[in-house]
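The data blocks that follow each hold one structure.
Both of the next two complexes hold chain A, though its partner changes from chain B to chain C.
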Partner chain A sequence: MTNRLALARLTNRIIEALLGLTLLVVVAVILMSFVGLVPAGLAYLLFVFVTVFTVRSVPVEPGAWLGLRIVRRALVALIAVITVDLLFINGFDIPTLIALVLCDFALGRATRRVAGAPDEILDERQAIWRNRAYRFAYLIFAVAAGGVLLASDFVSSDTRQWLANSLQRGGAFISLIQLLAFLPSMVIAWTEPDRISGADLPRLRNGLAAQLAGLLVALCLVIPIVLSLSIVFAPMRISRITHPETIPGTTASSCMYFGAREEVGVGFGASVPLNAVACWNGTTAYESWGLNASDCLIYAGDFATVSTLECRRSTQPDGTLRFTYRVRVQSMFLPFVTRDVALNLALTKNGKVLQFP
Partner chain B sequence: MSVRGKEDQKTAADGQRPLYNRIAVLRAERQLSRQQLAEAVGVNYQTIGYIERGEYNPSLELAFRFSEVFKLPIEAIFSREPLRPLSEELYRREEG
Partner chain C sequence: MTASPRTQLARISAWPTERVVVVLIGLLWLLLVFPLPRSLGGSGMLVAVLLLTLDLVLGILTRGLAFAPIWRLDERLTVIRDQAYRSAFRIMRTAIVVMLVLGVVDSALKSFSGQSGPDGVSLRFLLAFIEMLVVLPTAVVAWEQTATRPSVEHGPLPPTAWIILLLAPVLLVAWTALAPSLPVRYVVTRPTGSSFDLTGARCTQFLVVKEVGAGLAGAVGFHAEVCWNGEKAFVVGDPSLPLPSGVLPQQDLMPPGGLSEPELTACAPGVRETDFGTVSQTCTQLIDAGGTLTLIAHGRVSPYPGGIAARPLDIRLVVARDGTLVAVE
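The block that comes next holds the complex of A and B.
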């Protein structure tokens, strides 16, 4: 026991040292993301990774409510529903995936990660239950995965196509990984009786990692919400540039390059560009390049989806060229958070710019 | 006294024959918390709770560790039959 405790303390010290070092790297990456050197999404994912690492290093007992079998069974049922749901929806639907990650996190806490623990840190009861859980998990996995594969293959061509589509979208793949990685924990959570609670619970460990874990988890949840809301509330950033453009076969002064970029959101958001050359000849203004339907598909979103609402080019009777490009930016985390972005260009037959961002 | 309480009529969670024990009484008598007893015998504190409630039957190795901690023979701690209260056992012994 003494050797085991000494080893555990040494491991904790190493983990805390690594944690400190990793946090420094993360802070550096986040700072770089603010100045645009690193994508904000990458910085956030790194932050989530560090948070998971930190939480896993803290042997905090789960709350009393997670000790109740009925709560754990409800959690397992919810995970099962999401896992099945992934087979039918787009596997990279961010809110569903986040819900699954949070449920898996709660499952890990509820079972104190017994399923993946080595023999050295388990007592005989835990080791027996873990081994039994793996046996049941293997049977359940064989029936579930094998059943879906066989059924979809033999029932009809539609079911074969459904499975192929689900694999292509990634949903079936994520379900498979979910079952492989978490089914033993789900079995333990389902079968373990109610835990004891009350005065006999040991006191929580209160080290550096424990203090940081709660803060990091809170930040992990708050950051996407705040950054998603920035899509609506942060001022839109517009950059623009125009200069005369020489097009072979035309006079040098009759064409102009129009470059504009509208950015919404801080970190999470989208960047919508417009790059075009338009010309005029005294009778009419016309597009040289960059004002076509295909040019309305050039945008970039970070944890936000962008959909084109309008992409229209027209020439007025007076020879004025008008181009309207409107998109809707939607947060992946909070789907009800949306903002419309418009890039308009109006150029007269004499080369006068009436409208440009 | 059997410490199984409501669990008297039930079998252990692992399907074995019920094993009655006096761990809760002995622990209270020695003013040990589950955590302290768990550390003494080298198991998780929840395991103590499960053993007390009859939801887990300990191995012979663990039973010997309880015996060493409580300084009592194994048969005074564990039994295949419902255990009588310690006071009754003592009274019968004194009478005999």
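The block that comes next holds the complex of A and C.
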């Protein structure tokens, strides 16, 4: 018995040490993201993980609304719809994912996270209905996941390809993880009568940890909204560089390297580069490299999608070379937040730069 | 203080039959999900039947507790079963994470070695997944049985309980009889984003597989890098399908017969398609006067190792000189 206690203490200390280390790493990553060493998206994801762990460490009450069976059932139905939707959607849909996270958060409150609670804090009655919920959850999972896999493999080669695409896009993975992580809680929420917390349980204090958890959740929701709005409201950051370039085998021409980068948004946004060499010979200006259709597909987005609106290269009758590369940056969190970014190059036949970028 | 290896061995050898069966099932499950060996060499159905037999043995030993109707169980057995399901759910979470990780490793090995095959969940993984879903609660009940003893209380097993094991040989015989006449289906894909290109020709890769019984009884197929120059369509990457003369401007710089790149062209249905069936096949190409390419794979497909109950299968891929897919039959 003494050995077991000592082992339990040691395990707790190791877990605490690991948690502390994780927290330090998260703080370090967030700090590094401020100076641009780490993508802001990664820092935000780590922040979300910290919030999840903090929220899970705080005991919760379902509250008046979530204590009602009809509300809980509506919540479970909503989660089921989102889970199925994620399986079928094309592409990675951040707003749907956020809705799912919020629903899961509410589900945790509604069930007081009994499904994941250790045995020591549950009484015999709670343990019995928790285990029963796991049995139902297992059977539901077996029918749902097994059914989808069997059907996709055997119905036709198209259904098989559909599942492969869904797995590649991540929707099927999220659905799977959702079911594995929350199905027992969904069963508990669905089956238990009104006020599952029961009057027999003492009321929880709204302590410091609970306030911290609330603050972190609020920040988790506010940060993406603010950073998404920065795509429109923050000033665009433009950097440019040009220098003469020597192209082997071209003697009668002069060439110039044009490098530019336009960045929109703070943390969440996109960076659109242009790297090209253009030459001129007194008769006309022409592209050496970097001003083709394939060069209009180079961009990077953090929680933002980038789509090319225009990619056009032309030579005017007076020998002037013109290149236009225009993209639309769209927030993944707030799809109505968009901003157009354009990179232009206009170079005369005599090497005079009329416009860049 | 730890027990000596001999003591540990003695403990394991004293295990009840239930635990031994659980370990055997676990080992077979690992064989299915582990990326190596790359192929089961057509023995997938034998593994499936073996697993079914072990599942039935476990079901008999636990008196079908995991799937028994609620009215057959007293309060204590209900509690034991619900606990087993909870443990099973938690084990399943870990097992699925293991499967996902090994799936990623499998994909990496596939791309690294240039192997091809249809996308999606392979039959081997599917069998492992379904087996896990079916047997886990029973396996947990069986493993814990020495402590909870729910079955022993019901007295010794009647000898008739084992009759159900006859299902395994019956299934094997039925499968051997049915497999050669199962319907076939085509899997045809043209992967996007293929970066292969040749000066003077445009290329695209075709993956064509003809599966018997959705792949459960084997498949014949190939993946081929088909190029065209406006005058002819031809296959690149396999010297056994030689490059026609004069189709590329710098063809004299290539080895005789063309490039040897198995990731571009290979006359095989894909490594995962040989888990549940064996195939011996050959490929030939014909280019007619109009420049249209016909790539033919001719093979014999068997649902077992050793070519038992084999049937002949052919595939024809026809591509026009402008890269248009004319037919797959």
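Following the convention adopted for this analysis, the second predicted complex is superposed on the first by the 305 of 357 C-alpha atoms of A that agree within 3 Å, B and C clash if a C-alpha of one lies under 4 Å from a C-alpha of the other, contacts with A are read in each partner's own complex, and residues count from 1 in each chain.
The rule we apply is simple: a residue touches a chain if its C-beta (ideal position, glycine included) is under 8 Å from a C-beta of that chain, and two chains touch if they have at least 3 such contacts.
All values reported here derive from a predicted model rather than from experimental measurement.
Contact with neither chain B nor chain C is seen for A:S294 once the two complexes are overlaid on the shared chain.
By the touch criterion stated above, A:L180 is placed in contact with chain C alone, chain B being left untouched.
Looking at the shared chain after the overlay, A:I128 reaches both chain B and chain C. In the overlay built on the shared chain, the residue A:S314 is in contact with neither chain B nor chain C. Contacts of A:T283 after superposition: neither chain B nor chain C is touched.
More residues of chain A are in touch with C than with the other of chain B and chain C.
Of the two partner chains placed by superposition, only chain C is touched by A:L149; chain B is not. Comparing which residues of chain A touch chain B with which touch chain C, the overlap comprises 128. Touching chain C in their complex are the following residues of chain A: 128, 130-132, 134-135, 137-138, 141-142, 145-146, 149-150, 152-154, 156-157, 160-161, 163-165, 167, 173, 176, 180-181, 184. Within the complex formed with chain B, the residues of chain A that make contact are 1, 122-126, 128, 193, 195-196, 199-202.
Note for the complex: chain B touches chain A at residues 13-14, 33-35, 39, 42-50, 53, 55-56, 58-59, 61-62. Considering their complex, residues 79, 81-83, 85-86, 88-89, 92-93, 96, 100, 118-121, 123, 126, 129-130, 133-134, 136-137, 185-189, 211, 214-215 of chain C touch chain A.
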